[in-house]
Amino acid sequence: MGKESKTIWDRLEDIPREVLYGILIISFIMPMLFPIGFPVPISPEVKRWYDTIDKLPNGSVIMVDFGYSGGGEPELGPMAVAVYHHIFKKGGIKVVAMSTSNEGTLLFDKAMAELNPSQYGKQYGVDYIHIGYITGTESAMAAVGKDIRATTTTDYKGTPLAQYSIMDGVNEAKDFALLICYTTGGDQSEGWVRQWYTTYQTPYLCCVLAMMVPTMLPYQKAGQIVSLTSGAQAGQMELLVHVPARGIKSADVITITHLLCIALVVVGNIAYFGKKFSGGKQ
Amino acid sequence: MFVTGRIFALGMLVVIWVFILGGMELAKRAMPTFRKLAGLDALPEMVGRAAETGKPVHFTTGLGELNTNMASQLVAGLSVLAYVSELCARDGVRIVYSVYQSQVMPLATELMKAAYTSAGKPEEFDAEDQVRYMSGEQFAYASAVQGFAERERPAANIMIGPFYAESMLFAETFYRIGSIQLAGTARGYQIPFFAVVCDYLLIAEEIYAAGAYLSKDPVLAGSIRGQDVGKLLALVMMIVGIILTALGSSALINLLKM
Amino acid sequence: MSVVFKRTLPIVIVFATAMLFILEFFVTIPGIDFKSAATTVNNWGIILTAFTLAFGAVNLFIFHGRHISRRTKGQWPFSLWMLIVIVIFIVIGVSSGVSSGQYTWLYNASYFALSATVYSSLGFYMTSGIYRALRAKNIESGLLLIVGIIALARNAPAVASAFPPIIPWEAWLSAVPTTSAQRGIMIGAALGALALGIRTMIGRETGFLGKLTEAEKGG
Amino acid sequence: MADFATIIQIWLAALFTIWIYSIAFRDNVFFKFAEHTFVGAAAGHSLVMGIDNILRIGWGNFIGGNYIYIIVFILGVLLFTRYHSDYFWVSRFPLAVLVGIGVGLMMRTTITSEFIAQIQSTAGMKLLGVDTWTAFSNLVFIIITLSVVYYFIFTFPKMHGGGLGIISTIAKYGMMAAFGYSFANTVLSRFNMIFGRFDFIMSTWLPLPYAMIALPVALILLIYAMIPAERRPWPKTQK
């Protein structure tokens, strides 16, 4: 087949990737320059997550795993922040955090800077704490579940846990009313089901990258996860908590770029079938 | 003595243990027969196409190391490599294996050499050219493979093993240059990309079956036989449970909760 | 030393350690304190894993050290820079501590920005994959395409607001075909994982032993 | 106004972002530099976090009176014998402990969470006594789950012969639908990540002084770096 025999369908199918990437970049930038403010509907999983936290009795202690890596921060960070807003607004809940990802403590600092807990009068060591990154993923979950102090005696900054009032009477998985995990890794999201839900029946809220949701769905269906959300739903959580931030900001961009994808699929298939029916074999 | 709520699980664990060990013991006496795997059946055709066009076949086993829990996928990939090498040797097609793990190089060289020998053409095997160490870092490896694809435009691309984020990159690049592709991985997050882009697919556990079938290793084949019996048991339990639930009984569910 | 010591003993250790955790979970035997034994071994595991986190850096030093000493064309300056980056991280991380301002600065300036960008760059390849490969060639790929398009449309917040029926459609696709197929795969994979565990415990899966000598292979 | 250190940090992060994205178009020296920084940073960070754990948790336990931890430190050091050509086998002992923990923790719970709990949940699905739509959905669910499990039975070839092949076909349709759903979700994830980087560039970096000038300069340099050396107008290469 020489170049001259190229049909319009061939040309359409062979659009250079640089052109496709260029269109993609433009569809990212345009809505950022000219925000539209598309509405965002709330899905049932996010509502269920919100309600689970809302119904926690006063004085509950919850465990939060900052199990994501920097690569997933744009998606999971906004969700983590929005949920902390909710917890602190509601009040009366103590939040113990740990990390099964080695970037977790740094991302925790980032989230706290964005959140500013002092606006709710919350104090580190009294209302919330981070007991550090613990290696071993599932071993770490199992060890902390059995006995926190046998695993680590300090928080992430190296200060002894004994100096923090929040840790009084908090020793093992049974002391936690709820487990929340934000993660970019299947080892983490599935590990918590195995090491905490299966072993201690701790109610579990799980927030993963959207791409991981499908593989986690069977756990939710079997009741092992109370609510499974993706970080991409952070905008919905921000709306429920009334603290619009990064999550909601992405709604316009996500809409436009997804419409672009749908258009690409349609055009691609028109080219494919056009070629097929115009006797593409030549 | 036994922890309540975990009794059935312990029993099940013992039963599966027996299935797996039993499967291995039986496989030592007679290899189990395998069902057809559509992906494997496509291989002779893919190699044939490469022979017609005179272009090479590219093979990769993805990332993962031999001493981690990804080893079994890597081993499955290597078994397929040995088989494809034999097909290529027979049809006079050049096959190039892109290596990520330096520890795999001697093993792969040995396998491919044996394949060429059994096809009766040991002299046609050129290890330097056909077993290429690309890089031990994910994205450097990915860009090296991409570079190879664009330079040599292989007629066929076969990817079997533990794949990570580079899966989409490979699938897209080889699709663009017109290679016919077979892909298989047991890493759930990557299967969808392969399903979208590649012509033939080995889904999840199918790669282990392919590896065991081609390598004729009784430990692996017997283990798969044991797992199959486990799957049959799961099917029976689900069907009985559904019928009992429909009849208004939760006998099986209560048993499972024991 | 003998094959028994080098090859069999590690497998015995694997078996005994795994068995300790299995027994601790399933049975209680009066007089035997499985829990505290398991807790101790578990915490040992955490420290040992912490040691393994250095493997990546050591491997890079060995591999790229070779490039540097051989002055591999087009590669060795990059190799040298890579090792310098590792050293910078170690020096700042160990001297100031990982929760210090200096380390946070370093992390945010390099690793955080880089890893976030590297993984997002795949979005570009996906776009071109979508355009070129997502075709309704047969029933299978047609199904994939239809479900994919509905999910794509639902994931765009404004589409879901403008056309609300898509919300229950997508919810059904997620709750029924996706969950059920994933569950089928999960049950199979669970058996695969258990079989792998059993093979490891009885010494039929020896990848973790690293390279085997000829005598050891005979076993 | 941000302090000087923060400004440098933002500039570095922004340049790294642009350099990494350039690979989507063509390989070039800036990408190579950023990539090597990435690999080095990942290895360095992981090592540093390992040291943090050894000091904070291991050493903390040791000086807290848990003297048995000295054994762990010795075992930990022995892990590095894997790099020695004669004594590599010594590292097998500590590694065996790690493998044993992993296998034990996995096996004892996988049997429940990924096998029995999934069977239990499927077995409890109601086909009678619910509304028609739920019954239909449950039926579809059950058919797909059962047929996918069936699909992965390999060593009984007769189970897939003749008319029984329909079961595998159904399984494949179910899985393809699931993969379509997963694919769409992956697009969402990756685009969210791209949004994160673009947002950083546009709302954090570009408002800084000189950034608007630096952006086109960086892009021109990148395009230049993508041109193969022999075709560059300047500098002229010898070969």
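Details
Going by the order they are written in, the chains are A, B, C and D; count residues from 1 in each one.
Definition applied: contacts are C-beta pairs under 8 Å (C-beta built on N, C-alpha and C of every residue); 3 or more make two chains touch, one makes a residue touch a chain.
Keep in mind the model is a prediction, meaning the values are calculated, not measured.
Counting C-beta pairs in contact, the chain pair with the largest number is C-D. Centroid distances built from C-alpha atoms place A farthest away from subunit B.
Per-chain CA centroids place subunit B at a distance of 18 Å from subunit C. Centre-to-centre separation between subunit C and subunit D, using Cα means, comes to 6 Å.
Separating the centre of subunit A from that of subunit D, both taken as means of CA atoms, is a distance of 14 Å.
Under the contact definition stated at the top, the residues of subunit C that touch 2 or more other chains are 22, 25-26, 40, 42-43, 45-46, 49-50, 53, 97-98, 103, 107-108, 111-113, 115-116, 118-120, 122-126, 128, 130, 132, 134, 141, 144-145, 148-149, 152, 155, 174-175, 178-179, 182-183, 185-189, 191, 194, 198, 208-211. Counting partner chains per residue, subunit D shows two or more touched chains at residues 23-24, 35, 38-39, 45-46, 49-50, 52-53, 57, 61, 101-102, 105-112, 114-115, 118-122, 142, 145-146, 149, 152, 175-176, 178-183, 185-188, 190-191, 193-194, 196-197. Within subunit A, residues 17, 21, 71-74, 102-103, 134-136, 139, 142, 151, 158, 199, 210-215, 218, 221, 232, 254, 258, 261 each touch two or more of the remaining chains. Within the complex formed with subunit C, the subunit D residues making contact are 5-6, 8-9, 12-14, 16-17, 20-21, 23-24, 32-54, 57-58, 61, 68-69, 71-73, 75-77, 79-80, 82-83, 88-89, 91-101, 103-111, 114-115, 118-119, 121-122, 137, 140-142, 144-149, 151-152, 171-188, 190-191, 193-194, 196-197, 200. Only residues 6, 8-9, 12-13, 16, 32-36, 69, 137, 139-140, 143, 147, 189, 191-193, 195-196, 203-206, 209, 213, 221, 224-225, 228, 231-232, 234-235, 237-242, 244-246, 250, 252-253, 256-257 of subunit B touch subunit D when the two sit together in their complex.
Interface of subunit C with subunit A (complex): residues 25, 35, 38-40, 42-43, 45-46, 49-50, 53, 97-99, 103-104, 107-108, 111-113, 115-116, 118-120, 123-124, 127-128, 130-132, 134-137, 145, 148-149, 152-153, 155-161, 164, 167, 171, 174-175, 178-179, 182-183, 186.
The touching residues of subunit B, counted against subunit C in their complex, run 1-3, 6, 9-10, 13, 16-17, 20-21, 24, 66-69, 71-72, 102-103, 136, 139, 165, 168-169, 171-172, 175-176, 186, 188, 193, 195-197, 203-205, 208, 219, 223-224, 226-227, 230-231, 234. Within the complex formed with subunit D, the subunit A residues making contact are 17-18, 21, 28-29, 32-33, 71-75, 102-103, 132-136, 138-139, 142, 151-154, 158, 190, 193-195, 197-199, 209-215, 218-219, 221-224, 230-232, 246, 249-250, 253-254, 257-258, 261.
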